[in-house]
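Okay, so chain A shows up in both of these, paired with chain B first and chain C after.
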Partner chain A sequence: MLRFLGARIAQAAAVVLLVTFFVFAVLHFLPGSPARAMLGIKASPGAIRAFNVVNGFNRPLPVQYALYLDRLFHGNLGFSYHFNLPVSSLLAMDLPKTGLLVGIAYALSLLVAIPIGIVQAVRRGNPVDHTITTIAFVGYAMPSFWLGILLIMLFSVQFHVLPPEGPQGASIGAVLNDPRALVLPVLTLTVITVALFSRFMRSATIETLLQDYIRTARAKGMSTSHMVWRHVLRNSLLPVVTLIGLSFPYVISGAVVVEALFNYPGMGWSFWSAAQVQDYPVLLGFTVVVAAATVAGNLLADVAYAFLDPRVRYGRR
Partner chain B sequence: MYVDLLDERTVARLDSTPAESLSSSTWRTNVREFARHPLGAVGLTTIVLMVVFCFLGPLVYHTDQLHPVLTRVNLAPGGRFPLGTDAVGFDVLGRLMVAGQSSLEVGLAAAAIAAAFGGLWGALAGFVGGWVDAVMMRTVDALIAVPSVLLVLLLAALIRPSVLTVIYVLGAISWLTTARLVRGETLVLRTHDYVAAARLAGARSGTIVFRHLLRNVIGTVASQATFEVANAILLLATLSFLGLGPPPPAVNWGGMLTTGLNLVFAGYWWQIYPAGLCIVITVVAFNLLGDAARETFEVRLRHR
Partner chain C sequence: MIRFGRVVASTAAAAMMAAGLTTSFSVAPTEASAASNGGIATFAEQPGAPPNYIFPFVNGQYGTNNNQSQLMPLMWLPLYWIGHPTSSAVTVDYKLSLANKPVFSNGDKTITVTLKHYVWSTGAPVTSRDLVFWMNLLVNVKTQYDGYAAGSWTDHVTSFTDPSPNTFVLNLSQAYNPTYLMYNGLATIVALPQQAWDKTSGSSPVGTYDETAAGAKQVWTYMNTRSLALATWATTPLWQVVDGPWHLQPKTGFQVTGQVILVPNKSYSGPNKPKLSELEELPFTSATSEYDALRAGTVDYGYVPYTDASSIGSLKAQGYSIKPWYLWGFSDITINYSQPKYGALTRQLYIREAMDMLVDQPKYIKVFFHGYGAPDYGPTPILPKSPFLNPAQTKSPYPYSPSKAKKLLERHGWSVPAGGGAATCKKAGSGAGECGAGIKAGTHLTLTLLYSSGFPFLNDAIQVMRSTFQKAGIQLALSSAPYNTVVGDGFACIGATPAKCSPSSPAMTLYSSPVFTLSPDAYPDSDNTFGCGAGTNGGNYCNNKIQKMIETLAGQPTPASKKTLFKYEVQLAKQVPGIWFPSGVWQISAVSSKLSGVKGQDPTTKIYPTTWTLSS
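Let's turn to the complex of A and B:
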């Protein structure tokens, strides 16, 4: 177990290092140069030279990369010239709000998707399965911004029950103070996530149903409901641990669109605004942080899986 | 999952004797298995109809999609304009066809890049193994860890968007899953006797990868490519919504939908629903086809 853990952690560290390498490469091969991007096309050669010296851009590339890593490890993600803030401060402000949005959406999605996926797998090939499959596909195929607007038209324009805009405010407290405004962004993100999760849950359950112990249980004359509760549910829930880790980039992608649509002041919104004005430090800083979070999430999922499922642990030996 | 399936398939192939009748019977089995998935057939038919609509439609239904006509903006459907006109006077039905061409071209081209590059990458990593494999696959892990919308926004901010660059951008982020799947299969395939036999016969590594390994992972690559088409069409729509899609005169369904949504409160439904429905129908169709293809190629999931 310890060896597995060690190897897995080393692997994750290598992946994060590679991400920083890509980001560094992008930063370095920007059209023009970071100085041009930051100071504008009218900057004088002297100003550019001064900027390059201050930021170490006149040093050899490997040294620059080492300096970049050094800054990263000290939590220095660069300075946003659009928001006029250090990227880390921006992140500290935005991250909790996105975390709230994504967290609630995750919880709701799992609650809905797990039963749906199991029902589909048990009734595989039946009209029930085909109907739900089609609905899930439509949910998945719908551009999330369109879904969000349809929900706004229904709940805000038609019935006047919910505000069309996400909660405003700089702090997470302000966001929590306006729970009604949170409903539509969360709902939109949940619907697109459920579509993905239920598909995953369906195939996970089908895998379980193909196992020999299920055949044995059936042969003994066990009823379907008993079999689902006693054998299928528990074993199909295991892959969900992996799913939570793996789906993180997908859900964050959804969050960017949802935040842009509902004007929800989170990380996705800042990233989107930064992309409009090519605020590279924000784009690259957020990319590193989200990628590191994804890798950490996958690592946690793997470890949790090995902890929960003895077969994984013993198989590795 | 993919590993077991390949074992069985390869063994089945090696077991049968005459090489030619083998391939045609495999083909027939696959067709028969595919026919078991009515939704797959629905998907395929829809895609064909959509392609006909977008690429042959303009030959029958002539419209000008380059010059705005400000004397006929926002006309409701009916009469000369079956689906009305948009905010600058373009015929919506004709525009759907032209926009669909872009959406389908971008989706198919990005998926083709993804299939070719991902397939090669995965096959090489799996075949060579060792530290090459480690570096290649950690690269995939690193790129997969970045959410696709973030990656697309980042690249679109770096490169001036055009239809061609969007194809490259979407292709550049779509090959990762294919590479993973193919590598997994290659790891198993390379231990098979026929690879050893080929090597004994003096085949070089390149020949083994291209002639023997890639040919056996085509099923996986094809079904994954089908999903990638759908994803690319959706990502293109998202990119257009976020304001970083290809600029006019290029137009795609996502761009049409986004423009239409600006008029959502004016009640011009014909500028929203047709484009939105085209996206949903096409993406669903590709997903249904991909699902059916995957279940066709995965022997273990077949109905027995």
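Let's turn to the complex of A and C:
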């Protein structure tokens, strides 16, 4: 197992490096220039040149990339000329907020989706299953911005019971100080994610229920609830664990639509804003973090898989 | 039965309900300052554009409205204040200015300014030494300053002195039109607290470092660094030294998300003392989130996105009053005269005239801008009204007429297909009745137009425009891109000859609406946009007659310059350097019935919260 982990970590580092190269290349070949984006229409050619010199954009691309890697290996993610903050400060501010919002939404989604998926699988084909399936598809098909606007219209504009914006604090403490403001953005994300997770759970549970050992358990007189809790749940969670691992980057990268709609500046919104003005340090820095989160998520999923399924053992041949 | 799922699900739901629905929500309370009990007013910042620079000596990167109009002037007063709290006039408000009217002498090369009595929040008086401090930074670090342009008045400063604490004397090597210098020069000077800011580091004592070139650069570097440290704005004592009516609430006055909390400066010695106890400028990630907050009643002074203009009735029913906020600026579709493939076409005045005849500005304003806009028929804005506008420029030199446009092309040797489509040049040559120099026989009248995506009202107008152009014989090949890309491509050929301009660059570009704001240089000569080789002349427009007028404008004494300005406006309008296009309002403001005192909206986008009061 240790050898497996070591190899995977080395592989992860190589993947992240490759991602930085790819993103760096793509960013610098996009049309437009950060100088003009930042300085605006009225900037003189001299001002544009000065901006490029200060930010190193006048150097050859390989040199720029080498300098970027050098800073990266020293823990310096650069300075955002759009936000006027070091990228690391921006991350320190946005990452916990986004992690909190999306993490709560995902946790709630799992809490709701797992039992729903199991209920649907056990009662598949009957009206309960069909009803939940319909609701799940409606939820899944619903655009997040539309659902969010509906919730705002209802709870904020019509009945004034919840604020239309997410918590406005810059720190995680300030965010947690205003839990009511988290309700609508979390609800928006949860409704859409529940649908996805519940469908996966349903399919996985159906597959498990068709196994021979389940038939044997039934034949031995085991109650349904005991059978589900003891035998079905753990085995059905395997695909869901993979899904959670694959979803981990989304926890980090944020939900830009929900963040924009609920005025909750987090990773997603900051990335999108930076993309508008070609703020390369932010785009690269966030990409590094998300890439690292992606490989970490996959690794965690694989480790969890081994924990859940004793047949899976890594590092052995 | 599967009970555990029900238990978990119902527990989760109950937790959410309990957290969210105990009482009605309200805006998170902030600590109000101790002084007056005038209430807390909330003002919505433009979406995605929170303040990101606080040092009033702004460089180009930070010369945006959020910084220069809605943050800095509330704390640090300019020498001369352009704009008024109760009207949209773009004139000098001497009552709000730091100084009395300047006196021009020595053939308009010497300007003497007498300061009024103002004090800094430290108790020290605002003196001419504070103006000298500004000027020392300006002449030594001019390339970092937003308002600097090579060859402008800053390059002609010979000396500046403070012969007495309330007298400032500026000497120039050449005479400038006093009105021009007021708007583009004197009004951009800001008194800086030399007794608190003349430092080169946090630990250095206050000195006179600004008096040497090297020292001035060090001072600027230090202040710039402090300004870029957003997280420290509210805790740094530097920014608490103000002469304006407001200052950041200590410790909590600024969050890096962009929220600004301003409280009254108790030492403010000017007119219009604040009546509010607190002003909050709220950041928004998107116009949608701001609009939702407006409808939920948590914003006192906000704006309605153009896309929601049709639902303004519901806001009015809530008690909001709707006020269009016109910007001091103008719009046109920029033409790239250096474009190697299309330049020969756009260099023909008659083709530009024809295109101008095909833009039905009043209709676009009514249909696409929902009535919230103003036509542009020249370089001087029609709205807001100003003494700079020649009444003759309030009408289009080429009124909308597709039939006349078509005939104009046909008179110059073009053949327009019966059902519309790109006209074909039948008579090459540069004589009368011929297509024009550089246009070969058989050339199709097709032009590329790149415009910014993300503005639905612009997109709709452009689509209609294409159809109208097509019928008259001009085929527009449209493409859209994000604003930043359009700006980059639109300026890609600046200063380039056709030989050096990429053939793939667009023939014409529409950035947004409004396009060009007259700020911080408020004098509407548009020299930066239409002057030969000017810094913002992305299309390389150059007309010797117009250039001579621009040069004359800067140097003439006031009475003569008004006549020249009027003549210039009409001449430039007729030249159609860019296809004139309507300017949308800067914002469709929505003001809560609780908030009184919003009588006018300054076209330079400054706000006047000292005149605002809140009713309960």
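In the analysis below, the second predicted complex is superposed on the first by the 253 of 317 C-alpha atoms of A that agree within 3 Å, B and C clash if a C-alpha of one lies under 4 Å from a C-alpha of the other, contacts with A are read in each partner's own complex, and residues count from 1 in each chain.
Heads up, the rule we're going with is that a contact is a pair of C-beta atoms (placed from the backbone, for glycine too) under 8 Å apart; a residue touches a chain by one contact, two chains touch by 3 or more.
Worth saying up front: this structure is predicted, and the values here are computed from it rather than measured.
After overlaying the two complexes on the shared chain, residue contacts for A:143 are found with chain B alone; chain C is out of touch.
Touch criterion met: A:260 reaches chain B and chain C at once. Of the two partner chains, chain C is the only one touched by A:164; chain B is not. Touch criterion met: A:276 reaches chain B and chain C at once. Once the two complexes are overlaid on the shared chain, A:286 sits against chain B while remaining clear of chain C. By the touch criterion defined above, A:84 reaches chain C but does not reach chain B.
Legend: residue contacts after superposition of the two complexes on their common chain; A:22 is shown touching chain B, with no touch to chain C.
Overlaid on A, the two complexes show chain B and chain C touching the same residues of chain A, namely 30-31, 145, 149, 157, 260-261, 276, 278. On the side of chain C, the complex with chain A involves touching residues 1-6, 8-9, 12, 16, 19-22, 24-28, 48, 52-53, 60-61, 63-64, 143, 149-150, 228, 230-231, 255-257, 259, 282-286, 288-290, 292-293, 295-298, 481-485, 487-489, 491, 494-495, 511, 515-516, 528, 535-536, 538. Every residue of chain B that touches chain A in the complex is listed here, in rising order: 1, 38-39, 138-139, 141-151, 153-154, 156-158, 230, 234, 237-238, 241-244, 254, 257-258, 261, 264-265, 272, 276, 279-284, 287-288, 291, 300-301, 303.
Chain A contributes residues 11, 14-16, 18-19, 22, 26, 30-31, 125, 130, 133-134, 137-138, 140-146, 149, 153, 157, 206-207, 210, 248-250, 252-254, 256-257, 260-261, 271-272, 275-276, 278, 280, 283-284, 286-287, 290-292, 294-295, 298 to its touches with chain B in the complex. Chain A meets chain C in the complex at residues 30-33, 36-47, 50-51, 81-85, 89, 93, 108, 111-112, 114-116, 118-119, 122, 145, 149, 152, 156-157, 160-165, 167-170, 178-183, 186-187, 224-225, 228-229, 259-265, 269, 273, 276-278.
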